[in-house]
Amino acid sequence: MCLAIPMQVVELKGGGDALLDPQVALVESDGVRKEIRLEMADRIPAVGEYVIIHAGFAIRTLTVEDAEYNLSLMRRMAEVLESEGRLPGAVP
Amino acid sequence: MKTESIISLDHGSGGLASQKLIGGLFLKYLTCPQLRDLEDCAMLGEYAGRIAFSTDSYVVDPLFFPGGDIGSLAVHGTINDLAMRGARPLALSLALIIEEGFSFASLERIIASVAKASEAAGVAIVTGDTKVVPKGKADGLFVNTTGIGLASHRHDISVKKAQPGDAVILSGTLADHGITIMSCQAGIDLGGDIESDTQPLHQLVGALLEEDAGLVHVLRDPTRGGLATTLCEIAQSSGVDIVIEEDRLPIRPSVSTACEMIGLDPLYLANEGKCIIICDQDGAEDILQLVRRMPEGRDAALIGWVHEGQDGRVSLTTRIGGSRLLEPLTGQPLPRIC
Amino acid sequence: MKCADEFRSREITAPLVQEIAHSLRRPVRIMEVCGTHTMSIFRHGIRSLLPEGITLLSGPGCPVCVTPASHIDAFLAAADLPQVTIATFGDLIRVPGAERSLAGARASGARVEIVYSPMDALTLAQQEPERTVLFPAIGFETTAPTIAATILAAERLELTNFLIIAAGKTMPQALEALMADPELQVDGLLCPGHVSAIIGSEAYRPLADRYHLACAVAGFEPADILSGLLSLIRQINEGRPGVDNCYTRVVTAEGNIRAQHLISEVFSPADSEWRGLGTIPGSGLVLREQYRRFDGMEQLAIPVQPARELKGCRCGEILKGRLLPPDCPLYGTACTPLQPIGPCMVSNEGTCAAYFRYSGRKTSTARQEPKPLSVSQRDPS
């Protein structure tokens, strides 16, 4: 479990009626588009934000900042090399 | 003439209804004189060189998809099989098995597509056959095309001929056809960018062999099973190892995204208008440029090399520098959620 | 997402690989319990980049693979009913029950459709009111809310021809059962990224505390997996195992409350059989009373299949890393990737399937055992 990929929300549709016209997000990535259900999203995304999609549902809404923060944490994990003054090949 | 809306068993019986179908539909679009003669077989004339012969049947579902249909696929597929041994396609046959009740309009659309593909490729349908089977005995329509070609060069281009040191070139982007078919079934909107890559490759191959025939060792189109399976076949047959690099694989971003969405690996999806060219490393750069100059090969890329080895191992150097063994596909590629 | 490419770029992964090699002080055994982690590790060739001394064990993290044969047989019993269309995730198609798979049923004339979302199954039911559409509801906590939302939609739409067979499982109880086994020697747990998005990273706190188990919640891009592994090695080195959320862009401490409510609205916990592992208490999901009308077992009167012991199958020990695949008497004979018996072979990247394909060893090395019975000969008791 659980194949899921991030895609950008380009439009929010529906929402007029929970039954006949539930709110859905239209997501897009590299020209591929899909309608995604929002019943289990932690919060309703705004257009321009990203959602992680699993089985046709958004399971999480995130911003580019959320992603970049995660990335910066990873960079910092690996940068210990420099901060400890270690150079490649040096004896620990 | 009364317009039919569906195909009935009568259309396959050889009687009046059959003749109306042939005359009113097939010959309306397929204009080769030999076909019009309606003889029991076509006589092709005398040729010097080695005769190449190939057959393929087409059962694709859906019948119509972005970029093509079962008709154009059937024409291109058999032309390409001939081209992969360096043969110039001379003529094609077309055989149909139609399920009773099949839409006449769909059949007409497919025959028109066959005619268009055949004309554009310059390879005529010279003989054909039609059968109609009772409802339930065929899935709509099955098509077979068989092709005859001529190899006038002396070089033996074969799956057994890859040599250590050879370069591996892929003539264009990966997985376009396979993902188009799977996306149709998944209900994913392709946004107009993804479509089947079905196209004939005989002109590309012809140009290649005119320039550099001696340098080309293997030609193979990675259809069912995809690039990975086809490379495994080559490696096994030639008794070599092959290493390709993920960074070098040409793939459209939209195709890559669609694969990720449905959980499919592009290395195992079908390509219907691409070929693998394995050639001497000395000529590789020139061959790559030649292929890129042709419209069929504009996205060609050098994707890897052939190495010494006996086990027929194919491996992929991943984007992050890791190594992954590629095995042949067993069974159909299936989408996954887990 | 533009920066998504960075999570798989060498610029980020190479320093992580280097730091892992540098930080490793002693051999460590790390278990991952997510089929998508297993798949991603293979796909990116991560094992080939790790130093000797890291043993990566593939635990029971593929929900399809741990779906017991008895459940598969229930799906097949439904497929055999002429008015039923099975609408299922593609993952299930080739998984065998005692004898057949859904692929086999389809070949014999059953209607079996592949869907990409349980909502697609519901749509199919709306489009074909004369058919009964049954969705085999497998999956872990990432998938369970999608099925719950679909059931709620089916209820609002007053559909009478949409059913599920509840076969979902939950992770924490299974992890508890695994870690409680004194023979399982595992130093760290790579926690499933998207299950954690739902249940929250704090769900692993009891495991970390009770078993001194280093835990790292990781996503699925190469950089995610590598940073999760690095975190585990550091925790092990420092002797302070805890729960490190390395997937902050998707996972929070408390998880997705809305999704959790969806699960508990529609499902309740029950004991559940895991293929190759036996019954784990409270690890399955069943439909609550008020949604029983969507229960395919009841509505189609499908007899509950008895739990079958897969004679000779050693998946339980292989999943715990105590045995290697060739140690199992069924390996390569009765159990192969094309005709799998236990979950380790069912999954394309399961321990046994991977071993079979990559190690070159295709036969069992177990001591002289009586020739394993073929599947159909197996004693059903």
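By letter and in written order, the chains are A, B and C; residue numbering begins at 1 in each of them.
Keep this in mind: a contact is a pair of C-beta atoms (placed from the backbone, for glycine too) under 8 Å apart; a residue touches a chain by one contact, two chains touch by 3 or more.
Please read all numbers here as calculations on a predicted model, not as lab measurements.
Asker: So which chains count as neighbours of both subunit A and subunit B?
Answerer: C
Asker: From the centre of subunit A, which other chain's Cα mean sits the farthest off?
Answerer: Farthest from subunit A by mean C-alpha position: B.
Asker: Which whole number of Å gives the spacing of the CA centres of subunit B and subunit C?
Answerer: 37
Asker: Mind checking the centre-to-centre distance between subunit A and subunit C? Centres are C-alpha means, answer in whole Å.
Answerer: Those two chain centres are 23 Å apart.
Asker: Which residues of subunit B are in contact with two or more other chains?
Answerer: Answer for subunit B, listing residues that touch two or more other chains: 188, 263, 336-338.
Asker: Would you please write down the residue numbers of subunit A that are in contact with two or more other chains?
Answerer: 1-3, 7, 29, 54-55
Asker: Would you please write down the residue numbers of subunit C that are in contact with two or more other chains?
Answerer: 35-36, 62-63, 89, 116, 120, 139, 143
Asker: Which positions of subunit C touch subunit B when the two form their complex?
Answerer: 8-10, 13-14, 17, 35-36, 42-49, 62-64, 89-91, 93-94, 114, 116, 120, 138-139, 143, 222, 337-338, 357-358
Asker: Please name which positions on subunit B make contact with subunit C in the complex.
Answerer: 185-188, 262-263, 265, 316-325, 327, 330-331, 334-338
Asker: Residue numbers of subunit A touching subunit B in their complex, please.
Answerer: 1-3, 5, 7, 28-34, 53-55
Asker: Would you pull the subunit C residues touching subunit A in the complex into a rising list?
Answerer: Listed in rising order, the residues of subunit C that touch subunit A are 1-4, 6-7, 12, 15-16, 18-19, 22, 34-36, 61-63, 89, 116-120, 139-140, 142-143, 145-146, 148-149, 152-153, 156-157, 192-195, 197-198, 223-224, 227, 230-231, 246-250, 252, 256-259, 262.
Asker: Any idea which subunit B residues touch subunit A in the complex?
Answerer: Interface residues on subunit B, with respect to subunit A: 188-194, 252-254, 256-258, 260-261, 263, 336-338.
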